[in-house]
Amino acid sequence: MPELSDACLAAMRRVSTATLTTALFKRGLRNVFMQGVRPLRAYEGNLVGPAFTLRNIPAREDLDRIEGFANPEHPQRKAIETVPPGHVLVVDCRGETRAASGGDILMTRLAVRGVAGMVSDGGVRDSASIAALAIPVYCAGPAAPLNLVAHHATETEVPIGCGGVAVYPGDLIVGDADGIVVVPAHLAEEIAAEALEQERLEAWILRRVQGGAKLPGTYPPDAETRAAYEAWRAAQNN
Amino acid sequence: MPELSDACLAAMRRVSTATLTTALFKRGLRNVFMQGVRPLRAYEGNLVGPAFTLRNIPAREDLDRIEGFANPEHPQRKAIETVPPGHVLVVDCRGETRAASGGDILMTRLAVRGVAGMVSDGGVRDSASIAALAIPVYCAGPAAPLNLVAHHATETEVPIGCGGVAVYPGDLIVGDADGIVVVPAHLAEEIAAEALEQERLEAWILRRVQGGAKLPGTYPPDAETRAAYEAWRAAQNN
Amino acid sequence: MPELSDACLAAMRRVSTATLTTALFKRGLRNVFMQGVRPLRAYEGNLVGPAFTLRNIPAREDLDRIEGFANPEHPQRKAIETVPPGHVLVVDCRGETRAASGGDILMTRLAVRGVAGMVSDGGVRDSASIAALAIPVYCAGPAAPLNLVAHHATETEVPIGCGGVAVYPGDLIVGDADGIVVVPAHLAEEIAAEALEQERLEAWILRRVQGGAKLPGTYPPDAETRAAYEAWRAAQNN
Amino acid sequence: MPELSDACLAAMRRVSTATLTTALFKRGLRNVFMQGVRPLRAYEGNLVGPAFTLRNIPAREDLDRIEGFANPEHPQRKAIETVPPGHVLVVDCRGETRAASGGDILMTRLAVRGVAGMVSDGGVRDSASIAALAIPVYCAGPAAPLNLVAHHATETEVPIGCGGVAVYPGDLIVGDADGIVVVPAHLAEEIAAEALEQERLEAWILRRVQGGAKLPGTYPPDAETRAAYEAWRAAQNN
Amino acid sequence: MPELSDACLAAMRRVSTATLTTALFKRGLRNVFMQGVRPLRAYEGNLVGPAFTLRNIPAREDLDRIEGFANPEHPQRKAIETVPPGHVLVVDCRGETRAASGGDILMTRLAVRGVAGMVSDGGVRDSASIAALAIPVYCAGPAAPLNLVAHHATETEVPIGCGGVAVYPGDLIVGDADGIVVVPAHLAEEIAAEALEQERLEAWILRRVQGGAKLPGTYPPDAETRAAYEAWRAAQNN
Amino acid sequence: MPELSDACLAAMRRVSTATLTTALFKRGLRNVFMQGVRPLRAYEGNLVGPAFTLRNIPAREDLDRIEGFANPEHPQRKAIETVPPGHVLVVDCRGETRAASGGDILMTRLAVRGVAGMVSDGGVRDSASIAALAIPVYCAGPAAPLNLVAHHATETEVPIGCGGVAVYPGDLIVGDADGIVVVPAHLAEEIAAEALEQERLEAWILRRVQGGAKLPGTYPPDAETRAAYEAWRAAQNN
């Protein structure tokens, strides 16, 4: 898995998940936006980083006991300690909203370690404390019960499903107020460039619409509108 | 469809959807409040206006391609351009939360055109930008994917279902913090008058309850309480 | 049912529902957190009080007419008037989100009567007005339709289900930003003491983690960490 | 609660639940058919009998232990022993499909006691054995786990919800291949007579349609068709 | 819309819906199989015919009264009388399982008129009687309540959604024991030919697998297997 | 993982899943019965065998193309070829009912290989053909679309969730008409012996109940009843 360029990451911090889903749709990818996964509060700027994955299966009462957390090899605890800085911990909770993916101590540890964020299709506990942290957390909402009520963590860095979307380790995770889009690693560079250009165009179109332009010919732009945009772009660059 | 009076519209701007559902319940209408449709943020005052409808069916991959939006007759784009000022665009998304009904450029165009608001039982994209607009938007929540992922717009101004409620073109849409109620056009004038009077009564009752009055005899008012209210009302009018 | 001690209630006002679910999990109770029940807004401090229950079954059109509210023995109205101050009214709405458990007049009456709060797995109407009250209200969200659309109130002070959890009259209800946990009455005293101590420990651990401590050995604490904590605790108490 | 006449019961054994829902709809009752409740197999003839109700709330691990069944006052076991012959045991399982309402021993006991049938919006265990019994059982489908996994039986002969419908003790339960309709006790006599007559008319109409009659004028019958039917009826009675 | 050839229809009667979904998947169509729509019983042979559509929106109590059926222009009744012989009536019930799309008199009329079948994502009433008819009926299951409880029929022969799939008038409907696939009209001829050939190949492969062949090289066939098949096919044709 | 004894397997073929869930409940295991997983038809005798697992995540359009099946290492195809005879293939489909886990060729290959059965919380295609096979298949029901519409197979023999239950490779799968129970491997021997004995007792109790015995004292048996049973058992063994 190649490193993503700084330009790619910088672009991804500025573009919307809406624009990214359109760029992926043009390439035949229709199922890239997580369902039921929301930011815990409004965060400034996008969540951006490669996915580091953690998988859960349903809990079993004789295996999933509270003593297990004392084991430093417990996959959930190990995931928190090993997700690389700048990456996003993505947790497969099978859309189970009854239990938490973690609480404020774990999220604080992620923040201290420089992790970019946490994404789960399960809940979080201590939600008010977590919402006070700078680290962006996307989840299915608050859920006080500890994860052992519903989950057995199995391993990290395998392909998972989260919010109904396939997530492979290293896929680029991008989150804004709408939610989370998963950009396949091999497409991230080209999508970033395209999306950034599309956002510039749409910002220009938005100003036209604010000024009273009708949609036909403007959005999507016809040849005339596009020429006007290109002229404006050229002027901007001088 | 007769025009609604200014008095009706003014009353509807002041009454709650709760009061309206009660007035409709008294006439045998029990299913008038949209399910799963929420305001994108807290708006000042009610959303009020006659419904202008747009219908969607499930998308089909060979028909619903991004090039289609260039066609000025595309029903979604045409709906945005033709919904009359003061009306509410109501979009039947079959309760599908995976995709957007529209994004910030379309919502801005509605606002510029003087449309009263947008109501959908699907999602919206660019939700943060749309929440910054003055125009009230009610929907199932944020969803970044473009509408083509799930929807094929068919036509406007036909009866539709939205949030599980029948919406006929011209029905009066009223929205507040609770959500959206659909008032059948032929009942709007009488319901508005009744609801306004009911709100006056309930505001007076609320003050009594704040002052320590017990519910029995007060809410609903018995003859004595009602007489006290009528006396207060008469005094107010002098 | 014995009275709960002031110490128990005071502790319960300070601990999180997350900590309480863990303490109950250690005793084999896994299903104690209500599903789909959320605070209507962020409240300061926990909702704490013994449960006073109200049961509903589905409405029937010939029985559940608006005139019924004039009867002071109507169970919903009677519940509002009889729930003791300091208690929490817990309403079984079978998870039905289409209709309200009550509106602003009823919630105001609860507040005036000194009731601790209201918890329902149904909706509330007049949600903006209710959110402006000091009394904490937990529910499935706003729903304008009156309760008669969906509910027939049967009686008070019987065991009910709410949000998928068993609630016996007198069980201790505790709510924070995550939601509502039901603490069986016979466990409340011992759980309160244990949870308070656990919170102290976790606050100390959190500061360690904020300072860079790794999870292994810290959370859960190993013997060394626990000794450090005990030393700190001892120092605190001097 | 008055006894139902033999004529009423006999009529109810012959009419369809479809016809009954229409008769109730004409009286303003729209929510009378249980959702998600199906016959375990095809039974000959209708299930007919007054409702004897059993209520469940969610289980709690410390209360709902297998030893409890040894108590002859356990409400589930007591219900089985006390439901009168000819009645229908109707069990409120809150639509929970994860656990059983009972198994083959309990259903056999009901059959031996002359109970008319069992209706639950939960599951049943030993479903193959129960399907081999003559006693009709309607439920949400097979579910092997014992009821204690999900249910705590509270009491009998109170109003309940089952399959989303209000059931008052003594309401008449009627089941056929479509499912279960609940006929309020006070309407049972008049509905039975009306439904029986409607079925005679529809059987006659069906033969006309089989013979090639068009729907308009035939179904519903216009004056001419109705006259033809009345003539046929008169001839039948001679 | 061109007529479909007899060869196309004959092929469609022999191929499985599984094979058809694969052929459509190869052309980029992934959402062609109705969800929650099942045959009422096992039917001999496939249901095959062009779609004739009927649309419903949610009922409204003041509009949807039983007297409306006397109007020969009522869209549901008109649909029954006007769907051409050999076509399939496809009814959009928005996946609503609480009410019926129709009962035995209407289904009998369809059968008498030579209609190929009925498909609905709602229920049917009189399900035992309908299951006794030769005409294939696919639906969401039995539901006794009349359609007016939930539906208002709007018009026929417009594009609809059914079981989550787009259905355009004239699309080819094919049903077998698995359920219903919608083949877009413009693809029906080529898909029929391809599917028939694929079925021949898979029947041959199945015999190989029954005889002990391993999957690799056999399914899908590698060059060697395909050559063996072609040789067998050539021999068959001699 | 130790081999299971022939006595264990023989016992498991005779006991019901209901009895097994009770035995597991007594050991604190409450979540052992798969939800939404049903036998495709009535099978003679129980499905019994150790689990061999296959995991799926959501499909991605650029990865999950039909050409992939030609690869003999494709995990789904490899699973079919490598599940040991006598084992049960258990497939994690995340409860997704839109697509098939496999079709008749794959199920035939399993049968030819001597595999005990297939269990999936997704659908199957060619359901009528599969129902005609002797090999028992448990699933969420028929679904014609190929698995690539929804699934990407990742690997075999890892812990998975299926029907909401944890399944570890080697856990004992037991299925009857009610559905599937997962018996943890380490408990299988003791559970088998206990369940067999419990079934003998319950068969004897059932005969008593058929003969008119009341539940109290009989089920569960009190000391007197248990003595009678033991006497009968002793007599049997002579």
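Labels for the chains are A, B, C, D, E and F, by order of writing; each one numbers its residues from 1.
Basically, a residue touches a chain if its C-beta (ideal position, glycine included) is under 8 Å from a C-beta of that chain, and two chains touch if they have at least 3 such contacts.
Quantities reported herein were computed from a predicted structural model and do not represent experimental measurements.
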Check your understanding: Hey, how far apart are chain C and chain E in touch steps, shortest way?
Key -> 2
Point to revise | Superposition rotation for chain B onto chain C, Cα-based, multiple of 5° | key: 120
Practice item. Quick one: point me to the chain whose Cα centre is farthest from that of chain A. Key: D
Point to revise | Chain pair, D-E or B-E, that carries the greater number of C-beta contacts | key: D-E
Practice item. Could you give the separation in Å between the centres of chain C and chain F, each centre being the mean of its C-alpha atoms? Key: 39
Revision key, fill the gap. Taking each chain's centre as the mean of its CA atoms, chain B sits from chain F at a distance in Å of 50
Review point. Whole-Å distance, chain A centre to chain F centre, using C-alpha means?
Key: 37
Study note, to complete from the structure: Multi-chain touching residues of chain A, meaning two or more other chains, are 28, 30
Review point. Linking chains that touch, what shape results: line, ring, star, complete or other?
Key: other
Review point. In their shared complex, at which residues does chain E touch chain B?
Key: 27-31, 57-63, 94, 152, 154-155, 158-161, 164-167, 184
Point to revise | Complex contacts: residues of chain E adjacent to chain F | key: 16-18, 20-22, 25-26, 30, 32-33, 35, 38, 42, 176-179, 181, 202, 205-206, 209-210, 212, 214-217, 219-220, 222
Point to revise | chain A partner contacts - residues on chain B that touch it in the complex | key: 66, 69-70, 72, 77, 80-81, 97-98, 100, 103-106, 108-109, 112, 125-128, 131, 141-146, 148-149
